[in-house]
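Below are two complexes that have subunit A in common, paired first with subunit B and then with subunit C.
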Partner chain A sequence: MRRRLAARVSSAWWTALGVAGLDRQRWQGFSPLLRRSVKAVLWVVIGLLLIKFFGVWNNTAFALAAVVLLLVVPPYQRVVIRGFRVGKWIIPAAVLAIAVAYPYYNGSMPQLPIFTTFPMMSTMVGMGVFTMMALGLNFVVGYAGLLDLGYVAFYAMGSYAAGWFASSQFSAQNLRLGAIGVTPGLTGFHFSIWLVLIMAGVATAVIGVLIGLPTLRLRGDYLAIVTLGFGEIMPQIATNGDNLFGTGFNLTNGTGGISPIDPPGFGNWIGHHLHLPANYLTLGTNADRAFYWTVLALVLLTIFCSARLRESRLGRAWIAIREDETAAAAMGIPLMRTKTWAYATGAFFGGVAGAYYASYIGAAFPDSFNFNISVIILVMVILGGMGNIWGVIFGACFIEYLNLEGLPNVGSWLNGHFGPGGSDIQIWHKVLDVPLYEYGIFGVILVVVMLVRPEGLIPSQRRAAEFHEGVHDEPLYDVTA
Partner chain B sequence: MADVLLQTFALRKEFGGLVAVDDVDFTVPQGSIVSLIGPNGAGKTTFFNMLTGVYKPTAGRIFFAGDELTGRPPHVYTHRGIGRTFQNIRLFQNMTALENVLVGMHTRLRGNLIEAIMRTPRVRQEEKEARARARELLEYSGLRRKEGEFGRNLSYGDQRRLEVARALATQPKLVLLDEPTAGMNPQETVEFTDFVGRLRSERNLTVLLIEHDMRVVMGVSDRVTVLDYGEKIAEGTPQEIQKNERVIEAYLGTAAVSAS
Partner chain C sequence: MPMMATLLVAGAIALLVDNFVHGPAYFTDIAFIGLTNGALYALVALGYTLVYGILELINFAHGDVFMLGGLFSATAVVSWFGLGAHNSTGSLIVAIFVSLLFAMVACGLINAAIERVAYRPLRSAPRLAPLITAIGMSFILQNVAIAWKGPGYTAVPFVLPSSQVFSTHGITYTWEKLIVLIVTVPVLLALVYLVQKTRQGKAMRATAQDRDAAAMMGIDVNRTISFTFLIAGALAGAGGLVYALYYRQIHYDTGFRLGLIAFTAAVFGGIGNLPGAVLGALAIGFIQAFNEGLPLHMPGSDWTESIVFSILILILVFRPEGLLGERTPEGG
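Let's turn to the complex of A and B:
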């Protein structure tokens, strides 16, 4: 249905242009550069007109439009310097530069239509953390095709690992290893956060393997249900872990959670010699910048690992399993081991992200690890485009932005224009609490995307085809290995 | 007699009450081309699936190159040197032809997770060699210039060829081909028969073939085994099989006589 509609729109479009003297053949005859420029300029003009409609029409908007044109139009792909294809790095490098510099121009950005302001630094940190988690889940769901509905378990595990090794939770012990900003005299494990991130990642990967060994023998729906179970078990352990097995051993401090967790920092020596912040919390209003740049580095690391693994022997094995498990096994891929690696890798990044977030908010509370988080991360992966790194990043940033800041902003914009005393037309008389309908709105977004573009907003080449043509995968009943 | 590469003893598979393969003793000598024939539903593919570990036998034992492999998972069979194709083509549809072949090399490569992330010189070297070998295999199987095509975009004949290339990529000692000429036109079938012969002469492979086309079976096989209702009803050279009354009764009819 969707295709027919698209075809009809497209043919109507060409008929209209044909009347104006530009038929399809002539358009195809233009150089690719010209075609791309015309398209980009058209989009930018439409965008600017839309912005104008919402009353935001200033110099920064034009500057933004110029940046978009500069990124999209020139054929960077073809730049070759001394045999090295430098071209393919130009756009990523430019985007990275824009991201790194974000804290400096964040304050002077224009008002967006409907969404009002650009995301604050604290929102950017949250977006970074969830991008990392979504990329972690992408190993499991996007690459290996294993539906995991309990990813929050890894997030929780990472957060609690940070709680155990960077707070006063185990006050009977007293061990310090490069910890920053700990009040003298406090007991407990206090390790440097950088060490804790690695420890949390490894511990979570181990949990991933432990969960994976019994569950990964299952296929499809059964796997999804069992992972859902583990996603519920972990927060329950966190809630009830203050008296483990009735021994009085306090593992998780129950509903009270673990707090405070030590902040990141590089310590006085590095702080003095390399001018990196000694302790993020003493930076005052600039703390969020440091947290943002750190999470940006972590996200880059995750992207790097994702990209490298995708083009490796293991990545090919994951995709083969997703495509056809039986054929993959017959081609010599050990199913259990390979799936477990996908699980462990995904868990690792979930754990690191969880630990970093715990250090950022300075606490780990059991009620922040509920089923909704698993679903939201899954939605990020599906919305952006399963298996495609850039799609997943986009999905994660977009959803987490809406979650933290976008929906309240949209709400205040709507209320300001159409609510009580609205500046345009007063449609409703009570203030509308938009974030209250968060899950409803996400649900609608997901349904619309699945109907209109089932492969996600920025799909990988493979996935796009799969959704439109369908893939056969007949289960064989005996493969349990 | 030559060395025995693959041997089964009283191999049996039951699905519920149905006996799909009934205590079959079977031998594939090293360097031979053996065909497995039989009417539809005779249990040929089930037998194949047991020989590659996809199905676990209900009873009986499988020996390959002197080792018992009964009950091991499929990747062990592949690792020891049994490569296969599927009756209903099972390519990785959304991977390129080259990637399909590279997946076949999985057990012969060693790069692990950490090495892949670091892209160590060893892994880089290994990948380079693997790609070169994969291209060579594609060319050998008649898929030159198709390496960038997705599996699903290949023509039917090319998909069959790619399945063979992928099976060869596992560096097998024994290749199991499950109805490789199904859907091929007569010209392609002749080419393919020739190709199977070359697999033995050029690559030193042993071939086990399930086939319905009697010209292929009689033209290329050293030995033929006939299954009917899961039972082995005959075994011997193509000439012997053509004259075997039970076989003619069960399956061949006049087709074999006119083909020879």
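Let's turn to the complex of A and C:
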């Protein structure tokens, strides 16, 4: 049914163009550069018209259009300087420059239709953190093809690691380790947040291995359920951990959560000599910028690891297992070890992201680690395109933007434009509250993407082929362990 | 491993005996609660096991179909029949029976529709694809419930009589618990009859064993799968009615929580195995009731979900075929 619908739309499109003298053969006879330019100009014009009529116009929209065209149209891939193929770095470098400069031009952007505003700085930090987590989950789901429904456990573990080692939670102890930028005289463990990020990552990776070792032998859907079980147990430990097993030992401070957690910082000495902030919170309203640039650096690191690992021996082993476990085992790939590495790598980035986010929010609350978060991260990976780094980044940014800022905007836009007589839209005698249906919207995204385009919006070609041509999907048990 | 399992079971039995000696009457009361919970879980667990048996798919949305069944019955009982605290026995029986039929039919149709829309187009896709759409459907159903009833709890008035059936030696057994069994047991028996004795049941079993061979024998596989989803949904609807009337409040999240517990029960008993699902559900019902109710050495209700999921993980890791399942080459 899905194929038929898509085919019908596309054939209607070509018939309409054929009337104007442009049939399919002729279009495909044009040079790729011309085709790409025509498509890009078409989309940019549509976007500009939408902003003009449904958004709030601002001349920056022209600059926006120019940047998009400049990025998409020219054939950068072909640029070679002295034998070095620098071309493939031009677009990533440009995107990075745009991202780094974002705080400076954020205020002067035009308002979009439907989504209204470009993301605020605090939203950008959230988007960065969730991009890290989505890339981490991509190791497990995208590369190794294992469905993990409990990724939130790693996020929780990272956040609580930050809570334990960078707050006054254990106030009976008193240990400082490179706690630069933290107010002197606080009790409890206060490690440098940069150290805590690494510790959280490593601790979470260890947890990942511990979860993975017994369970990775299981078939895919059983593994999904077991990970879901761990994802439910972890927050319950966090909720009930203020009096663990009746001993009175306060591990997690229960429903109150751990707060405040130290912000990152570079301390007075570096602050004085290099003009880096001694403590991010001292920056006041500009603190979000520092948090944003830091998370950008962390995301870059994650992208680097993702890209390098995919091409490594280990990454190729993951993909081989995903495509055909039996053949991979026959080729001598140790299944258990390889899968466990995927798990540990994914968990590591989840832990680092969780610790950083806890440091940004300044707290770790058990309520924020429920199953819904696992599904949100899964939606990011699936919407963008499993296994494709750029797809996952796009999915994570878009979904987290919706989550934090976009859906309320969409709701007020809908109510403002389509509400009867200036009032809000009513459904079943209740005011339409779009953020309330957040997870329903994510559910629709999951179903529609899996039915219509299972390889995601920006697919990895290899993964797309698997979905469309099918793979040998029978798991193997006897050779494992 | 058998050593550890034996130790675990022995420890659990010692705990139970200690509690029993401490207060036999109280212990029995708690056991009745466990039986009632277990009967309810059985209705939901059977839906998981039926669908898994035929498609090898964890129907994640099943718990939410159950939740919708609860909302349907709550609406039917309150808005249609206007039941409250004091009803004549006759009106109560009619109202419950009609609401039961309504919830079963509605949930059956919803479940079959879900299969048609979200699972059938993906039957030849990689195995994780329908699991992902199942999660999506689960969220969609929850949001339908939010749109319909709002995000808060939907309260159901006291409908079932809470008078005593009998009371001896400090042990009391109330009508509401008995009514749960009166609704549940005939539904379970009807299911057994359907699967074991009827032509349609034979088609279901054949499709579960080998879909291609069943198709070659002239069985309409798609129709049989739709029928299985219909039956599973109807069971969930019955469970929803029982839940709404017995616990008297229901919530869009209820189905997800209870669905996971019921799925654990199905895995515990051996997924794909009908008596196993009932046995597993009773076991989980007792474990939950004992954990939450018994006074001595119990972790308490804060840890119920952790205990249930730990059981799930241990079973899947060490005995994926469950209590009654057969060991297959795939391990379950």
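As a convention for this text, the second predicted complex is superposed on the first by the 427 of 481 C-alpha atoms of A that agree within 3 Å, B and C clash if a C-alpha of one lies under 4 Å from a C-alpha of the other, contacts with A are read in each partner's own complex, and residues count from 1 in each chain.
Quick note on the criterion: a residue touches a chain if its C-beta (ideal position, glycine included) is under 8 Å from a C-beta of that chain, and two chains touch if they have at least 3 such contacts.
None of the values given here were measured: they were computed from a predicted structure.
Trainee: Taking subunit A as the common reference, can subunit B and subunit C both be placed on it without clashing, or not? Answer clash or fit.
Mentor: Verdict on subunit A: subunit B and subunit C fit.
Trainee: Going by the contact rule stated at the top, is it subunit B or subunit C that touches a larger number of residues on subunit A?
Mentor: Residues of subunit A touched, subunit B against subunit C: more for C.
Trainee: Output check: A:A320 vs subunit B and subunit C. Expected answer is one of first, second, both, neither. What do you get?
Mentor: first
Trainee: Is A:S312 touching the first partner subunit B, the second partner subunit C, both, or neither of them?
Mentor: First partner only.
Trainee: With the two complexes superposed on chain A, say which partner A:V226 touches: subunit B (first), subunit C (second), both, or neither.
Mentor: A:V226 contacts subunit C only, not subunit B.
Trainee: Applying the document's definition of touch, where does A:L451 land relative to subunit B and subunit C: first, second, both, or neither?
Mentor: So A:L451 only meets subunit C here.
Trainee: Per the contact definition in the header, classify A:T345: touching subunit B only (first), subunit C only (second), both, or neither.
Mentor: first
Trainee: Look at A:W13 in the shared chain and tell me whether it touches subunit B only, subunit C only, both, or neither; answer first, second, both or neither.
Mentor: Neither: A:W13 stays clear of subunit B and subunit C.
Trainee: Using the superposition on chain A described above, determine whether A:P214 touches subunit B (first), subunit C (second), both, or neither.
Mentor: The second partner, subunit C, only.
Trainee: Touching A:Y439, do we find subunit B (first), subunit C (second), both, or neither?
Mentor: second
Trainee: Between subunit B (first) and subunit C (second), which, if any, makes contact with A:A329: first, second, both or neither?
Mentor: Touch partner of A:A329: subunit B, not subunit C.
Trainee: Minimum C-alpha distance between subunit B and subunit C after superposition, to be given in whole Å.
Mentor: Least C-alpha distance after superposition: 9 Å.
Trainee: Identify the residues of subunit A that lie in both the subunit B contact region and the subunit C contact region.
Mentor: After superposing on chain A, subunit A residues 466, 471 contact both subunit B and subunit C.
Trainee: What does subunit A use to touch subunit B in their complex?
Mentor: Going by the criterion above, the answer is residues 304-305, 308-309, 312-317, 319-320, 323-324, 326-335, 341, 345, 462-463, 465-466, 469, 471-472, 476, 478-481.
Trainee: Residues of subunit B touching subunit A in their complex?
Mentor: Per the stated touch rule, the residues are 49, 52-56, 72-75, 78-79, 84, 86, 90-95, 99, 102-104, 106-107, 109, 111-113, 116-117, 119, 123, 127, 150, 152, 166, 169-170.
Trainee: Show me the residue ranges of subunit A that touch subunit C in the complex, using the header's touch definition.
Mentor: The contact residues of subunit A facing subunit C are 1-2, 145, 147, 149, 214-215, 217-222, 224-226, 228-230, 232-233, 236-237, 239-240, 371, 375, 378, 382, 427-428, 430, 436-437, 439-447, 450-451, 454, 466-467, 470-471, 473, 475, 477.
Trainee: Where on subunit C is subunit A touching in the complex?
Mentor: Residues in contact with subunit A: 56-58, 117-118, 121-122, 124-133, 135-140, 142-144, 146-148, 150-151, 256, 260, 263, 267, 302-303, 305-306, 309-310, 312-313, 316-317, 320, 329-332.
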